[in-house]
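First chain written, first letter: the chains are A, B, C, D and E, and each begins at residue 1.
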Amino acid sequence: MDLGTVIGIVLVMALLAGAMSMGVGVGAYIDIPSVLIVIGGSIGALMISFKPSQMKSFTKIFMIAVKPPEEDKAELIKKLIGFATKARKDGILALESEVNGEPNEFLKKGLSMAIDGNEPDTIRDLLEIDMEQTSTRHKINGSMFSQWAGLAGAMGMVGTLIGLVAMLLNMADPSAIGPSMAVALLTTMYGAIIGNVVGTPIAIILGIRNDDETLVREMIISGIMSIQSGDAPRALEAKLLSFLAPIERVSQFD
Amino acid sequence: MDLGTVIGIVLVMALLAGAMSMGVGVGAYIDIPSVLIVIGGSIGALMISFKPSQMKSFTKIFMIAVKPPEEDKAELIKKLIGFATKARKDGILALESEVNGEPNEFLKKGLSMAIDGNEPDTIRDLLEIDMEQTSTRHKINGSMFSQWAGLAGAMGMVGTLIGLVAMLLNMADPSAIGPSMAVALLTTMYGAIIGNVVGTPIAIILGIRNDDETLVREMIISGIMSIQSGDAPRALEAKLLSFLAPIERVSQFD
Amino acid sequence: MDLGTVIGIVLVMALLAGAMSMGVGVGAYIDIPSVLIVIGGSIGALMISFKPSQMKSFTKIFMIAVKPPEEDKAELIKKLIGFATKARKDGILALESEVNGEPNEFLKKGLSMAIDGNEPDTIRDLLEIDMEQTSTRHKINGSMFSQWAGLAGAMGMVGTLIGLVAMLLNMADPSAIGPSMAVALLTTMYGAIIGNVVGTPIAIILGIRNDDETLVREMIISGIMSIQSGDAPRALEAKLLSFLAPIERVSQFD
Amino acid sequence: MDLGTVIGIVLVMALLAGAMSMGVGVGAYIDIPSVLIVIGGSIGALMISFKPSQMKSFTKIFMIAVKPPEEDKAELIKKLIGFATKARKDGILALESEVNGEPNEFLKKGLSMAIDGNEPDTIRDLLEIDMEQTSTRHKINGSMFSQWAGLAGAMGMVGTLIGLVAMLLNMADPSAIGPSMAVALLTTMYGAIIGNVVGTPIAIILGIRNDDETLVREMIISGIMSIQSGDAPRALEAKLLSFLAPIERVSQFD
Amino acid sequence: MDLGTVIGIVLVMALLAGAMSMGVGVGAYIDIPSVLIVIGGSIGALMISFKPSQMKSFTKIFMIAVKPPEEDKAELIKKLIGFATKARKDGILALESEVNGEPNEFLKKGLSMAIDGNEPDTIRDLLEIDMEQTSTRHKINGSMFSQWAGLAGAMGMVGTLIGLVAMLLNMADPSAIGPSMAVALLTTMYGAIIGNVVGTPIAIILGIRNDDETLVREMIISGIMSIQSGDAPRALEAKLLSFLAPIERVSQFD
C-alpha cells in the first residue's frame, strides 16, 4: 500500500475521532444498525446493478486502488530501446528469446506478432482493440465505486428519514427527542464519510491508474511499430520520452 | 433473474425493514396515499415525456435489466472461427446452411449479405448503422429509468411540501404536529428509495448491458469482415480474443 | 395531443389534487401571488436570455412537444423505394412530377438537386449542413425549457426566502407563524412542480423528437444518394430498414 | 438593449418587489452589508481566477450580452452572392474595392487573402484557426459569468452561516432571534437572485451569441471558398440558405 | 503574484471579516479543531487518491496558479518570424546558434529536430504527443484542486454532523444549545469558503492556464512546420496572428 494512502486514511480517521471525542466521546458515534443500513444497504443496491462476477472483483479492485501494480516507465523505455537496437543489428527474429521471458503480457503479445511477420496494421489494430476494451472494462469497474459513493449518501439519507419518522411518532417523552435525532443523523454522517472518503477517492484513483496504464500501452504500441519498421533507437527514445513529464526525461544516449 | 440482483434486493429490503421495525414498526412507514403520489406521480410525469409505445416496453425493459439475454462470447468466437474455417476450405457459399439456423439475427443478416456477394463496405455500413441505431434506442430506453429516478425524488419532495403545508395550517393541536410531519416525510423517503435503489441502478445496468451488446456486435462485424476476406482462422481468433478480458481469453488452437 | 401525454398530465394533477384535498383542501394550496412569482418570474428571467423571436415560438414549441408532427418511417421507406425503382427504369429525370407534390421539404430539396444534376458531394454537403443546423436550432429551443425548469426552481426558492423573512420579522403573533410559513413554502412547491412536471419533461421530449427527426433526415440523405447512384431498390431497402428497430422492419419484397 | 431583455428584467424586479411589499415592505429586504458580501465577495473570488485583463472586459461582455452586435444573415448572403457574381464576371481581382470598405473584419481578411492569390487550403486553415480561437476566448468569457453565478450562491450561503452563528451565540433576547435570522437569510436570497437571474442567463446568452457568430463565420468561410473556386452564385446561395431556418430562407433568384 | 489575485483575496477576506465583526466579532468564527477537521481532513482524503509525488507538487501547482509563468505571445511570434526569415535566407542550419540559447524547451526541441533533418511528420508527431501528454498531466493536477473543493465541502458537512450529534445528546443545559450549534456550523462555513474561494477558483485558473499553454504550443508547432517548409515570413505571421484576439494582432510588417 502507498505510504501516502496510509497517511491519508490515518489522518482522516484521527481527525474525525478527535472531533468526536471532544464532545460526547467516539462511542456515541458508533451505532451498528446505522452502519449496517449504510454499508449493507449501499452494497446491496450495488449488487442490483453489477453482475456477481463484477462484485467478486470488488475487493480485488479495491486493492488495485490502494496498491497499484505500477509500471516503471523509464525501465520500459530502456527495454524497448534494447529491443530496437538488437532488432536493427540481428533482425527482428533475434528478439524471440527476449519475448519468452517478458512479464508484460501486452508487450509480449505485440512483439510475438511482429516476430511472426504480421502486417503492422494488423498488429496495431489488435493491440488498440485490446487497449481500448481494457480501458472500457476498467472504467466500468471504476464506476462501481463512484456509484457506491452515491448509494452510500442515499442510504444515509434514507436511514435518517427512517429515524426522523420514528422520532416524530414518539414525541411523548421530550427528553428522548435529542438522542433519537442524534442517532437518526448518524446514517447521514456515515454516508457522507463512505461516499467522500472511500468511494469517490477510489473511483478517482482508478481513473488515474487507468489513464496511466493506457499511456504505457500507447508507448508500447509506438515502440513495437518503431521496432518493426526499423527506426533508429535514438529516434525511438526521443518519441517515447515525449510521453513523460520533462523532469522524468533521462536519455541513455547523452 | 440474476442471483446477485435477487440477493441485492432482498438485502436492501431486509435492512430497511429491520431499521423500521426497531423504532415504531414497519407499518408506520407504509402510507398508501404517499406511495401513490410518488410512484403514480413519477410514472404519470414520465408518460408526458415518453410515447405510449415506449411506456409499454417499460416492463419489458425492466425485465431485460433484471434478466439479461446475455451472449456467451467464448461460444460466439468458436462459432465465428468455425465459419471462417469452413469458408476458407469450401468457399463462403458453403455457409448457407449454417446461416439458416443461426439464432443471432445480427450475425445472420451480416453473413447472408456476405454469401449474397455484397461488397464488404456495403455490409459494414449497413451493420454499423444497425448497431448504432440499436444502441441509440437502448440509450433512450435507459434514460427512461434515470428520468424516473429524478422524477421520483421530485414527487417525493412535492409530497412532503404538500404535507408540511397542511401541517402548518393545522397547528391548533400540538400533539398532531409530530405524526403529520412524519407522514409528510414519507414521500421524500419513498422518492429516495425508488430513485436510488430502483431507477438509477436499472439505468446503469441497461447502460452496461448496451455496451456489452455493442461489443458483441463489433466482434460480429469484425468476424464477418475477416470471413469474407478469407483471413486465417488463427488470426481471426487472435483479433476476437483481444476484445475480451485477459482471463477470458482461451484459444482453441493451443 | 398524444393520448399518453394527456393521461400523464391528468394522472399527475389528480394525484396532487387528491393529496392536497386529504389535508386542508386544494384551495389552501392556491395562492395567486405565489403563482405569479414562480411562473412570471421564471418566464421573465427566461426573456433575459432568449431573443423575443425565440420567446414567441415558446407556445409553438410547447405544442410540438405535446403533439409532434411525426413522420411515418415505413411510409418514407416505401416512398424512397418507389422513387429508386422509377429512377432505375426511366432515369432520374422521371422523378420530376413526384418531387413537385412531395410534402417533406427536406426530401424535396434533395431530390430536386439530384434531378438538376448536381454532384453527389454537393448534395450531401448541403443536406448535411441543413440537418445539422436544424438540429442545433432545435437544441437551443429545447434548452429554453430545461432552462425554464431551473429558473422555476430558483424563483420558487427566492419566493420562499421572501416569505420566510417576512414571517421572521413578524413573529409577534405566534398563531400566524404556521400559516405564514405554509404560504412561503408554496412557491418552492410550485417551482418543483413546474420544473419537474412541465419544464424538464418537455426538454426531454424535444430532445427525443429532434433525434427522431435527424434520424429521418439521415435516412433521406442515404436514400437520395442511393437513388442518384442507381443502387438496386432491394439494397436500398435493406440499408434503410437497418435504421429501424427489428420489430419495425417489414420488407415489401418478401 | 433588446426589448425582451428589458421587459424580462423589469418583470422579474416588479414581481420580486411586489412580493416583498406584500409582507413587510421592500425596505426590509435591503441590507447593504449583505449586498456587499454577496456581490463584492463573489466578484472578489472571481478576480482570483480571472486575469485583470479579463476582469476589465467584464462590463464590456455584460453589454455584449444585453445588446448584441448581431449580423443580419440575409444581408450577408446577399453580399456574398454579389461578390460571387462580380468575381465570376470580372475575375476575383475586381473585388478589391469592395473589400476595402467591408466592415466585417473576418470577411475582409479572408477575401483579401483570396485576392492576393493564396491557396484555398491556406485561407481555410487560417480562417478556421481564427474562428476556433475566437470561439474559445468567448467561451472563457462566458464561463466568467457562470462561475460568477456559482460564487454568488456560495457567498450567499457563507453570509447566511455567518449570520446564523452570530444569532446562535446571542440568544439571550428571544425577540431578536426572528430579525437576526431574517437578515441572515438575505444573503442566500441575494445569491439566488444574482446567480439565477443575472449570472446564469448572461452565461447562456453569451453561449447562444457565440454559436451564432460561429455560424456566421462558417457561412463566410463557405462563401469565400465558393467565390475563389468560381461556383455559380445560385449554387452558393442554395448552400448558404441551408444554414438558416426554413422560414428565413428567401432566395433572390426566385 | 497577479495584482488581481491579491486584490481578490484581500477583498473577500476583508468582506468576510467585516461581516463577522458586525455581530459577535471575528474571534467567534475561529475554532482551531474545526479548521483542522476541514483542512486536515480534506487534504488527508486527497492523499488517499493522489500519489505522494503529486501531493508534493501541491504547493508548486498552487504557486503556478497564483503566479503563472506566462509566455508573451507577441514576443513569441516575433521570434518565430525572425527564425523563419533567417532560415529562408541562410538555410535552416543557420538557426543552430539561436536554438542553443532558446529558453522555451518545447520550441528548442522542435527546432533542433528540424535542424537535424527529421521528417516534418516525425517532428509534428513527437511535439503533439508532448503537447497532449503535458496537457493531460496538467488536467490531473487541476483535478486535484477541484477534488479538494468537493472534499472540503464534504468534511465541513461531516464536521457539522459530528457537532450536531454532540449537541443533541447534551441538551440538559438549554443555554448551551445555541453556542454548540454555532460551533457545529463553523465547519460547514469553512468548507464552503475553502471549496468556493480557494479550491474551485484554482482549478479553473489552472484549466485556463493549461489552455493558454496549449495554445502557445500549437503556435510553436505551426511555426516550426512553416520554418521547415520555407514559408514566407509574412504568411507565417498572418497564420500566427490568427491565434490571437483581434486587439492583440499587431503586425511587424505594416
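We take it that a contact is a pair of C-beta atoms (placed from the backbone, for glycine too) under 8 Å apart; a residue touches a chain by one contact, two chains touch by 3 or more.
As the structure is a prediction and not an experimental result, all values here were calculated from the model.
Looking at subunit C and subunit E, the chains in contact with each of them are D.
With angles rounded to a multiple of 5, the C-alpha fit of subunit B against subunit D returns 145 degrees of rotation.
Rounded to whole angstrom, the centroid-to-centroid distance between subunit D and subunit E, based on C-alpha atoms, equals 25 Å. Once the centre of each chain is set as its mean CA position, subunit B and subunit E turn out to be 40 Å apart. Touching of two or more other chains is recorded for no residue of subunit E.
In terms of inter-chain touching, the protein chains here make up one closed cycle, each touching precisely two others. Partner subunit A is touched in their complex by these residues of subunit B: 2-5, 7-12, 15-16, 18-20, 22-24, 28-29, 178-179, 181-182, 185-186, 188-189, 192-193, 195-197, 200-202, 204-205, 208, 211, 215, 235, 238-239, 242-246. On subunit A, the positions that touch subunit B within their shared complex are 33, 36-37, 40-41, 43-52, 55, 105, 113, 118, 122, 125-127, 129-130, 133-134, 136-137, 140, 143, 147, 150-151, 154-155, 157-159, 161-171.
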